[in-house]
């Protein structure tokens, strides 16, 4: 029992972390339709910036500054690269971000070396928040959850309190029409992309010391964040949020479940021995596949509900 | 108010407008007529800064050539494209909302005006614009542009696909616009309402103006009509 | 780039020349590049060409952006190697030269299975499903050592079975010619495909699926069939790869591979049939040679992509075709000089930039190991300000010159284009 | 007698709004029927229901006596019904010729084959060429569809529609956005290419309507208000109120 | 042979995920080579190590092998990733069969997968590291004397390396301490898990009092980190805590962590190796932790002296059964399977002290030796049937 309570808690916090990672992507992907493969790289950039700025001026200022820096870089990238290819459609955009991710990771390695850097949790936030059944719940996790929620709020406000969302959606299909109605489409795109990058940066500042800040960190989160956006449903912020929590919890609970299909099979009277065909598959424990469940989930969702959980439209 | 002088426009390398010159004065309706492919839509796009062009475009005594579309729009020109260009994924309401420029800024027109003009739109206000009927879409684009509160409105074939009654209605509304001091550049195909409501008519052929005058003189001038319009 | 779809229909003479040229190239290549490395590379190129072409069936001709193409080439490879081991063991008597076909069938089989799911959807949804499936298969391949041989992968010996007229496929060169033959045939078949009803409807589906339904075709079926064929050829390339390396590891199904296919197919040019051929060749050059020449190769790669996508979104093929078009109007000669100038200045820029990058990497990677950086024959001294300034200067000058020549070229180019535009209009008018 | 196309108490609602409210219509083979009605009356929706783009909420659609509602568009097309679109809907990145050939292929039974070369399908190519001449686009054979003028695109739209040689053809505002002269030519064209076929066309231009139609169906608010020969319809009082009865209409009609 | 230069091709992932490890090991090779170039080498040959970037992938390795052979290399070395190692061993063997007279010898300095010196063994492959069976032999011998170890939890990466760690630990433990219960045996897909807290919760629930894992890289540090955060400070026994980057990450966790490492060496050594480690640190400000390289050069050197030639075939034969003095007693290249027999150590991660001053990655922490095992202790039997070429 207590194990499940703890797992749920872990699941929630992990889910919120996932949302923190993917919120920026949700913004860009759902609004601009750009599959931003460099998103994870922005996340990494945020972490490394934070590492350096923290040494100079401390964690709290870094919390503000490094996302801004990343945001600027993102905006610049949109302004000088992405914008050129926008008219050629999504594939070139995607490849552009692809190329960027290569470059960023190399540059990071040039500046900060190829190994992890010693980027620590600020003393103020380290230590347990509370203890549950003899396991401590780290304060920093609490902080992380808080920030994730703040992100959710801010994006939500952006989407509902301003027309930016509408302008972009319209501009995706009829840029000229939107412009001739007096909206500065290019600027809006730049802002959104920059904003998305900044969110990724913020995630980096916080994820960087919660986990390990190293050049490999981008690749690690790489595709999972897409899963979230897709499962949640393109164009749906709430969906992404829901998906994050769902995936977080599923994955966490699955870790705790050691039963495999063997059990089910024997229940059905099938009796499977190590030399039955595909024994490996039969004996695969749920806990073992937990980390790849999200992909399974995504495929299933896309097949049976292509809109995604709360999505409004397909593709 | 709008003064076009020796305007040349290009699509990529193809030269479409060859020195177009004309004026639009405050509060007048000018009809721009011509055959398919004569370059009327291109003229409209050129004014909105949507195609690459050379020459001189003066609006409210300022050179707008080379300005961005949104800047021109903000300076008070509204444009209703011929390919309706409604935003299919947004609702009717949202489409109109995007018509407004700096929000809050008081406009001559309110949502209610629009809905009064075309009750059909009110009924559909929360459906996705993409599923509207052809005609409804046409109405929507017109209203959307009006929401931006322009001083000059360029309308490219507004009556296309409209039922005769609605066509007449549109004619009426263009007149009311004029009464409110808004000038209209009306690009038309079928002479019907154009001749009825316009103060002046321009005829375009092969990318330049081949006739200027009142509808009356145009009606009189048969060979022009034969050569540049139709039998 | 005027046309986004390439209709290949020169006089059949021209076509004949092109194809025999291709064949000739395949034949003589290994006689020119004799070292065993270059021969393995040639083999890999053959394989890469096939897989990129098959990928472009989806991307270029069908508008299906797949992130999981490696699944088909990879699983094909696994099946092939498994069969090869059977042949080695003597339990199965199959000429080694047919093993690639086995791979093809493997690829096809999985296409039948997975395509059934994926091609139900199109656009972003399709892309994402393939991404998910790709990730799944990749993860699985490590989890079932039984089937995929775990980290070590599965290895076989291609010198197996009977050896008709002394062909053992032991020596690389023999294998090369096998691959060459496959490459030629597959390329031929895939080109033929573009000229068949299905091929054309595939383009139609890419452009406007809805209307396709109203001319009597089921878009899903069209996509599905194309997917199958692509899977088949991907499988063949997998089988060839298996023979080439005599080893198949889980990396062949990795999403990284799928990504590479996408990148290089695009770089080669997805809008023209022969684009992927260039892409395939580049893929091998980049991963083998470039990584050999410099430690900064990933950076270079990234930069190249960035610039290509930005300035030549049609890929290299489109650049070529543009000039072919110019040439066909007899306007190429005046441009050649400009190209020369461009190349020269660009080279200067590159030298400068590369020198800087190399020095940076040197400082970062082997600091303390002497400050000498070997660079194109001469050695730079990463510790002396001079060589930094020098490199910077070279690059700066290069940029200025390049920009200058570029402007000149641009002017000339647009003039030519204008002429061509007029010319075409005139011909239309005839 | 059996009808080429028959609608029986056809209904369609989107969400709670019912757009088509029980349409009954029977078109005999070889008839040319014009469908008119105010904007948003449901004309295009009607076409969408017939051509399988939407599925009816209730009621039946019979093509040559067979029930076709619920079938997918391509199935219906194979049964010999073809339609054009109000908002041009062609293959933008294919040349004029390819566009037409795509329209031809299935009807000539080439299905999904990848064992034949297009270049050798003489019948398909000849038919495509013939169509190209018919719609006067032979000059632009290899021009990509996007680069055509609006009018040309409309022509191509029709070309693709008739390419399959279907015997029931639906045209949604074929002449929209064309000058009178173009329109006149177009009516001729349509008559020519649909000779001997059953034709349903949506139109707002009374000129076209009276120039083209053997019978006119007036759709208002998702119901058929009248279905009769032009004279009778023009005389019909309710039609006058609901739709015609305007100087514009009279002018247009007078135009012929 | 004296006065000649021997070129060794180092085929390793020098870019990409494990680039940093490879880069470090490249420097290590080059450093040791220079170090021995001077007085220290009886054979009087100079070794020259040049990098070939395989991107860490098996196929990349095979391709780069071709490149090296073209450039006339007759000695190649590699270590990171047993996959690439198996691939190379295969490829080298095949090549040697097909190109007699041009043989190539392969030194494996880090890939620990047992098959390499068992069912898949090859005459041309020499393993300088201790394979998993040996490491587990030593580790279990160490743990069996720890009464507090009763319930062990195992977490490994879901690929052959991880599977082997789990398999051999359980085998050995059953033999030595039947009473010890394996309360968990979990696998994580390599490099996929970001948040290990669910596993920590599971471990807690399982009531384990010790953890054994073969994880490396982020999979190790994230795991340790999660344990620390949850305040579950169980002793952890592992392999690769010394690999580039990991110490830095460990240090960030403070003192409470108890990490034991089983390896064939440690950074506190004095004498020759001690000098190497010190010098390396001075020169590159980086840790020298792949001690196998030291043995590698020493063995090669001795073998060439013995063979009076640098011809690979002769050297290979000379290497068989060769015994040389090393930093911790003698090491022997076992003839039957070409697995180096050497002492193994258990070291513990702790703050630097006067006794153990060496600070890994300047973290102020170090791996302090807690136990040494003579070669015979950790020596394990082999199933290798070596196919030897005809001598000469």
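The letters A, B, C, D and E name the chains in turn, as written, and every chain counts its residues from 1.
Throughout what follows, a residue touches a chain if its C-beta (ideal position, glycine included) is under 8 Å from a C-beta of that chain, and two chains touch if they have at least 3 such contacts.
In UniProt terms, the chains line up like this: A, C = Branched-chain amino acid ABC transporter permease; B, D = ABC transporter ATP-binding protein.
Everything numeric in this text was worked out from a predicted model, so none of it was measured.
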Other chains in touch with both chain A and chain E: C
Averaged-CA centre spacing for the pair chain B and chain A, given as whole angstrom: 46
Computed distance of Cα centres, chain D from chain A, in Å: 49
Distance between the centres, which are taken as Cα means, of chain E and chain B, whole angstrom: 77
Numbers and ranges of chain A residues touching at least 2 other chains: 109, 113, 288, 291-292
Sequence positions of chain C contacting 2 or more other chains: 139, 143, 145, 298
Multi-chain contact residues (two or more partners), chain E: 23, 158, 187, 189, 192
Which pairs of chains touch, using the document's own definition: A-B, A-C, A-E, B-C, B-D, C-D, C-E
Chain C-facing residues of chain B, complex: 12-14
Complex contact set, residues of chain C against chain E: 35-37, 40-41, 44, 139, 142-143, 145, 150-153, 155, 157, 159, 170-171, 245-247, 249, 251-252, 287-288, 291-292, 295, 297-298, 365-369
Complex contacts: residues of chain E adjacent to chain C: 14-16, 23, 27, 30, 52-53, 55, 57-60, 62-64, 66-67, 69-70, 81-83, 86-87, 90-91, 94, 98, 113, 115, 120, 158-161, 163, 187, 189-190, 192, 283-285
Chain B - residues contacting chain A, complex: 48, 50, 68-70, 72-74, 79, 81, 85, 87-90, 94-95, 97-99, 101, 103, 144-145, 148
Chain B contact footprint on chain A (complex, rising order): 163, 166-167, 169-170, 173-174, 176-185, 313
